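For reference, the structures are reproduced in the following blocks.
Both complexes shown next keep chain A, but they swap its partner, so chain B is in the first and chain C is in the second.
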Partner chain A sequence: MIIELSNVTKNFSGFEVPAVNKVSFGVEAGQIVTLLGPSGCGKTTLLRLIAGLERPSDGEIVIRGERVASKDSWIPPEKRSVGMVFQDYALFPHLSVEENVGFGLKDKKGSKAKILETLELVGLASQVKKYPAELSGGQQQRVALARALVRDPAVVLLDEPFSNLDMSLREKMRRDVTRIIRKSNATAIFVTHDQEEALSISDKIIVMNEGKVEQKGTPREIYEIPETTFVASFVGQSNLVDGIIDSDGKSVITDLGTFSCQHQHTKGKQPGDKVTISIRPNSLKVDPQGSIEGIVEDVLYKGDITDIVVRVSLDEKTYNLLVHVNPERIIKRGDEVSINIMPTCVAGVAK
Partner chain B sequence: MKAESQITVDYNGNKQRYISAALSAVFMGLGQLFNKQYIKGSIFILYTLSLLFTTVDKFASSLKGLVTLGTTPIEDHSLFLMIEGIVAAFLLLVIIGIHLFNVWDAYKNGQKIDLGEEVPSLKGSIKNLTDNFSAYLYIGPGMLMMLVSVIFPIIFTVLIAFTNYNINNLPPGNIISWVGFRNFTDLIHLASWRATFVRVFSWTVVWAVLSTFMSYATGLFLAIVLNNPKIKFRHIFRTVMMISWAIPGFISMLIWRGLLNVRFGHINRMLTSIGFEAIPWLNEAMWARVSALGVNLWLSFPFTMAVCLGLLQSIPGELYEAATVDGATGLQKFKSITLPLVLKQLAPLLIMQFAMQFNNFGIIYLLNNGGPARFGAAGNAGDTDILISWVYKLTLEVMRFDYAAAVSILIFFMVGGFSIWQFVRTKSFKEEELVQ
Partner chain C sequence: MELKFSDIGDKINLFRKGQLTWPFKAPAFILIPVVFVALAMSLPLFYLIIRVWGAEDFLDLLLREQTIRVLLNTVALAGAVTLSTITIAVPLAWLTVRTDLPGRRIWSILTMVPLVIPSLVGGFAFVAAFGYGGIVHLFITDLFNISYNPGIYGFFGAWAVLTLLSYPYVLLSVRGALLGMDQSQEEAARTLGQSPWQIFWKVTFPQLRPAIAGGGLLVALYTLSDFAAVSLLQFDSFTRVIFLQYRGSFNRTYASVLALVLVLLTMFIVSLEMRTRGKDRYHKVGSGAKRKLMKVSLGYWKWPALIFCTIIVLLALVLPVGVSLFWLIRGLIQGEVFILRWEAAFNSFYAASITAIVGIIVALPVAILSVRYKSKASSLLEKVTYAGYALPGIVVALSLVFFGANYASSLYQTMPLLVFAYIILFLPQAMGSLRSSLLQLGPNIEDAGLTMGCSRFKILRSVTIPLIRPGILTGAALIFLTTMKELPATMLLSPIGFRSLTTEIWNATTEAFYTRAAVPALLLVIISSFSLWILFSQEEKSY
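Take a look at the complex of A and B:
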């Protein structure tokens, strides 16, 4: 493990709830890890704790085997071997690209070659003399990345690095930045609130909510086997349905039918226990033979896909189910449709 | 219709516009008559005739007065003749402007005839005029005010600098005459004037540079200190520091004058009561200069502090964090982030401040009246006198209006030249959008 956090807690004076609450996780060398969560969940604070811009109230942080922050030890940011890319890039406006990248290098003689090498890596070798304001958003981003990488840090911390870019550039920069990070064998921790971004770039995602870790795992695990209702609804879209565990201990009986959940989250539950299951909108199909009937409440055309909300009224309850349909299919509000659920794609989640 | 207009073009060629313009140039209104705009042409002709019959001799005498500045003392007052002459010259410019407009109008309408278009009637012409020239009508009063209150006095001063209007030559008893550049050369060639001019000029430069620099150094230092969140009660300190800015400057200057009085001032009383010798704050050249600089600093740093505080708060905190992660110490952060970013934004203000201090008449005059006085100095220039306060003495104390005007022009060129040079040199204007 190149970075290990155990029970890291941060209280800000004036706030009752800790911004970061007993967070523990480890990052392996060369991994790209994403801290994912809604705004105010403590992910940026956690990043600043790792960088050394904040002191933890409790717990400890270990980087490359060295305890950098705990109750009785403190190593300042510049000695932690971390590089940081800020949300607004924080480039020095009065320094050229070259000077920005070389800002933290102490050895001025050897640094020239290193600066060029790093700028080469990010593809800006031709822009060394330019000033930040003369560069595009994507280029500024890459200068910030070069500045973070130039000192060969143990870990690069990136705080919402793509949130200032427009949609089309964001996609490209995501690919570029992850490629550069992988090429330089750096370990990286991203902070983002964009679940799509987290899923596409990470080796490991840590989902946070209200200062706590909700779930950690690979993108596939996070999406397919959400452990909590929060993860199920925050990462991707989800239909949450209450039910109880059947006598076999695996299947879940709901108003919409009985589904077999083979995932571990339902294990340890006794038959008859109440659980919630998550059904992804793409596990629902509009199908004339479908067993569930409802009325289309809303149609949201998104180009590559159409989301429809189907109101299913059963004896006691009404469900509004989100269903992905092929946009070629013309569906209008008020249409009566039948839908089918693919039972294998259902995950049971803890409440 | 189209064929008809084609024929008209062929018939007239391109000549109408040139002929009518030439006619109008020779005598206003003729071109308009040639363009068959009879009413407009008649108005122009009437206007010209009335000018010719009523004002030609007045113009001639006024302009002649401007050139000769009078011939018989008592009867002719040179200054009035000069002012009349300036006004006449301005009116002449207006008349020339109207004449050019008249030629342009004849040309435009001639062109319309050439192209076979219809020439507007009088009603149309008036509508045209109000449509296109109403903007001038609105700014007219403002321009006139500017002319009377700004431009005329400046021209008057500039003209005085080329005359011998001084205590030996006071109208109406004497006739002032034009002397060319003699006032300027006198300031260089006459030994006593040269010595005084050089002394006052050098002190002015030292004064402007030092007071600007001190004000900014102090303001920036205090702003940085007060911007530090670790300082307790910094809002109270900030407010207290602003007080000297809030009190009307001339009152505090007069109070300082009292405080610094060598015999009765509180500062010297305090010094003597604890065993020091009294310091001649306002009575010895060096101390008087120190006092002037000190009091000026006291008056001016709150403004620069306020500006610097604003600038400091506009520097994003992320920059400092980025520098921290990169291992910059506090001093390095100040040197490579705070100072360059603040100075870049301050540059235009520094220039303004310099120009203001260069001409800071108020403090020099009110604190010490330019004193201590110096025996034998040309034009009564005291030891703390700067150019502008010397100009004041030159006019009101020794009545060397000619030299005063010449020095004023020199000040204008120095401050103006310096400002332009600085504005061009500091990139803050070129790269304004880059810094933000």
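Take a look at the complex of A and C:
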């Protein structure tokens, strides 16, 4: 582990609830880790704690084996081996690209080559003499990245790095930045509230809510096996259905049928215990043979996919299920449809 | 923030036990200078309190009939000036912002320009026009060969001069409120079936009240701390009586007692003024085109409106400049020798330059602490450095005179002590521009430096200071220009034989040699035009 956090807590004076609440996780060298969560969940504070721009109220942070923050040790940010890319890039407007990147380098002679090498890596070798104001948003972003990478830090911290870019550029920069980070063998921690971004760039995602870690795992684990209803509904869309554990101790009986959840978070539960399951919209299929019948409430055409909301009225309860359908299929509001649930993609959720 | 001594004891104990963290986050190279600055800034008030406390007859002095009379005089003057400025400024603001007044743009500038007339110049001009030996007096005595007493001295004169000098403060804040008002609110009110008149009273006016209150309190503060106008017009408000007590050397302790009462009064107004101001105003206006405000058509009412604007501009602007020019030309015709003593101009320039340089060095750490390392403790330190905002010049001067005479006789009547007084008075002038440039810079850029392995000192030197250079220059210029205009501290503390532009005007006016005051007065108007121009261009930038 190149970075290890254990029980890191941050209280801000004037707030009763800690901004970061007993957070623990580790990052391995070369990994890209994403802190994902809604705004105000404490992810940026956590990043600033790792950088040393904030001091934890409790807990411990270890970077490359050195304890940088704990009850009785404190290493200030300038002495930590971190690089940071800020949301607004925070480039020095009065310094050229080259001077920006070289700002933190001590050794004047060796630095020239290092600066050029890093700028080559980010594809800006031809812009060394320019000033930040003369660069496009994407180029500024890459200067910020070069500046963070140039000292070969143990970890590069990126705070919502793509949120200032417009949609069309964002996708490209996402690919470019991850490629550059992979190429330089750097370890990186991203902060984002964009679940799609988190799923596409990370080796590991840490989902946060209200200062706490909700779930850690690979993008696939997070999406396919959400451990909590928060994760299930924040990362991708999800239909949450209540049920109870069957007598085999594994399957879950719900109004919509009985599912044997492959990935269970139902360990330790007894038959008859209440649980919630998450059914992703892409595991629901409109199928004339389908066992569940309902009426189409809403049709949301999105180009590459169409979302429909199907109202299923059962004896006691009504469910509004979100279903992905192929946009070639013409479905109107009010249509009666049958749907099928593919049992492999149903996950039990420990609340 | 209230702080009791027992609290402090508790906190120290907690701190020792390690249960309380050090209340400052700032590095030592910021914190230590700020502590020194705060101590120095609190010296005049602290010493004044000690001196008054030490006096045996403190209570007798305080309850003297004269004290009460001066207090009533001062409060009456401040109240009258505040009311009359509001009466002038609110209609002016409305006419120049929300109506089709002919020449609206020119009027909105002309009605604001009297801000450049320092009170010393305003007082001089009024006396040189209507007082003994003034233009009107000369004219009448020459023409009709009779002698008469110009009845301008006392309350009336002080009230008239201060009203004409200070109404732009209310105008400025009300105009700002009118201009910043959201047109869509009035449109919403219209769609809800309200008439324009109802809209003014129900939607527009309630939103102007804070601006009127804020501007009015600034006027009250201006009146309380003004020395030159009340003294030249011989009205016994605090500043004049304090000066006379000191000069007359009858009872210097009494001067201190009066000064302390004046300080309490100004502090009260300052605290009210701060409450109306709310938090930092440095928010950028959102993007998107701003729609033009609806203009009210005046119709035939435009004639009285034009006459009103003309009278105000004539009295507040044309009169002081015209009177100065009159005496200058008259002096030139009569071959007056002392049109301008170069020595005085040089002295003013010299003292103001030193003050600007030292002032900015002193202000920078305070601004950094208050913007970057906000905490209860740091805001207390910052507040202390605003002492000059609440302390009238005469009070600071008086306190330093006593301090110098008793404890620092080698400094008494030397340049360093004079510069010290100037810095106490004008440090807040630089704080605004420094703070706003730091706020606009944002902390991320400094944090970025930290994550690149640079020390805070290096970041200050090679990132922060270069990037806030415009703010530094503005702050220095404002200190420089305000120092040039200062009178009471200059009179009381300057080295023997030191003449400045302001003391020249003062001496010439009190001795009725108006010709000698004309050029310094015009120079001061030009100087204060510069400082105003800087302030305004800075305000534009912050939007």
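Keep in mind that, in the parts below, the second predicted complex is superposed on the first by the 350 of 351 C-alpha atoms of A that agree within 3 Å, B and C clash if a C-alpha of one lies under 4 Å from a C-alpha of the other, contacts with A are read in each partner's own complex, and residues count from 1 in each chain.
Operating definition for what follows: a residue touches a chain if its C-beta (ideal position, glycine included) is under 8 Å from a C-beta of that chain, and two chains touch if they have at least 3 such contacts.
Not measured: the values here are computed from a predicted model.
In the three-chain model built by superposing on chain A, chain B clashes with chain C. Judged by the touch definition given at the top, the superposed model places A:82 against both chain B and chain C.
Of the two partner chains placed by the overlay, neither chain B nor chain C lies in contact with A:319. Once the two complexes are overlaid on the shared chain, A:93 sits against chain B and chain C alike. In the superposition on chain A, contact of A:53 is made with both chain B and chain C.
In the superposition on chain A, A:104 makes contact with both chain B and chain C. After overlaying the two complexes on the shared chain, residue contacts for A:147 are found with chain B and with chain C alike.
Shared-chain residue A:133: touches chain B; no touch with chain C.
Two complexes overlaid on chain A leave one chain C stretch from 116-124, 170-178, 206-214 or 278-286 clashing with chain B, and it is 116-124.
Common to the chain B-facing and chain C-facing surfaces of chain A are residues 51-53, 76-79, 82-84, 86-88, 90-94, 103-104, 106, 147, 151. Of all residues in chain B, only 316, 318-319, 321-328, 336-337, 340-341, 344, 431, 433-436 touch chain A in the complex they form.
Across the complex, chain B is touched by residues 51-53, 76-79, 82-84, 86-88, 90-95, 103-104, 106, 131, 133-134, 147, 151 of chain A.
Those residues of chain A that touch chain C in the shared complex are 48, 51-53, 76-80, 82-84, 86-88, 90-94, 103-104, 106, 147-148, 151, 157.
By the touch rule above, chain C contacts chain A in their complex via residues 442, 444-445, 447-456, 462-463, 466-467.
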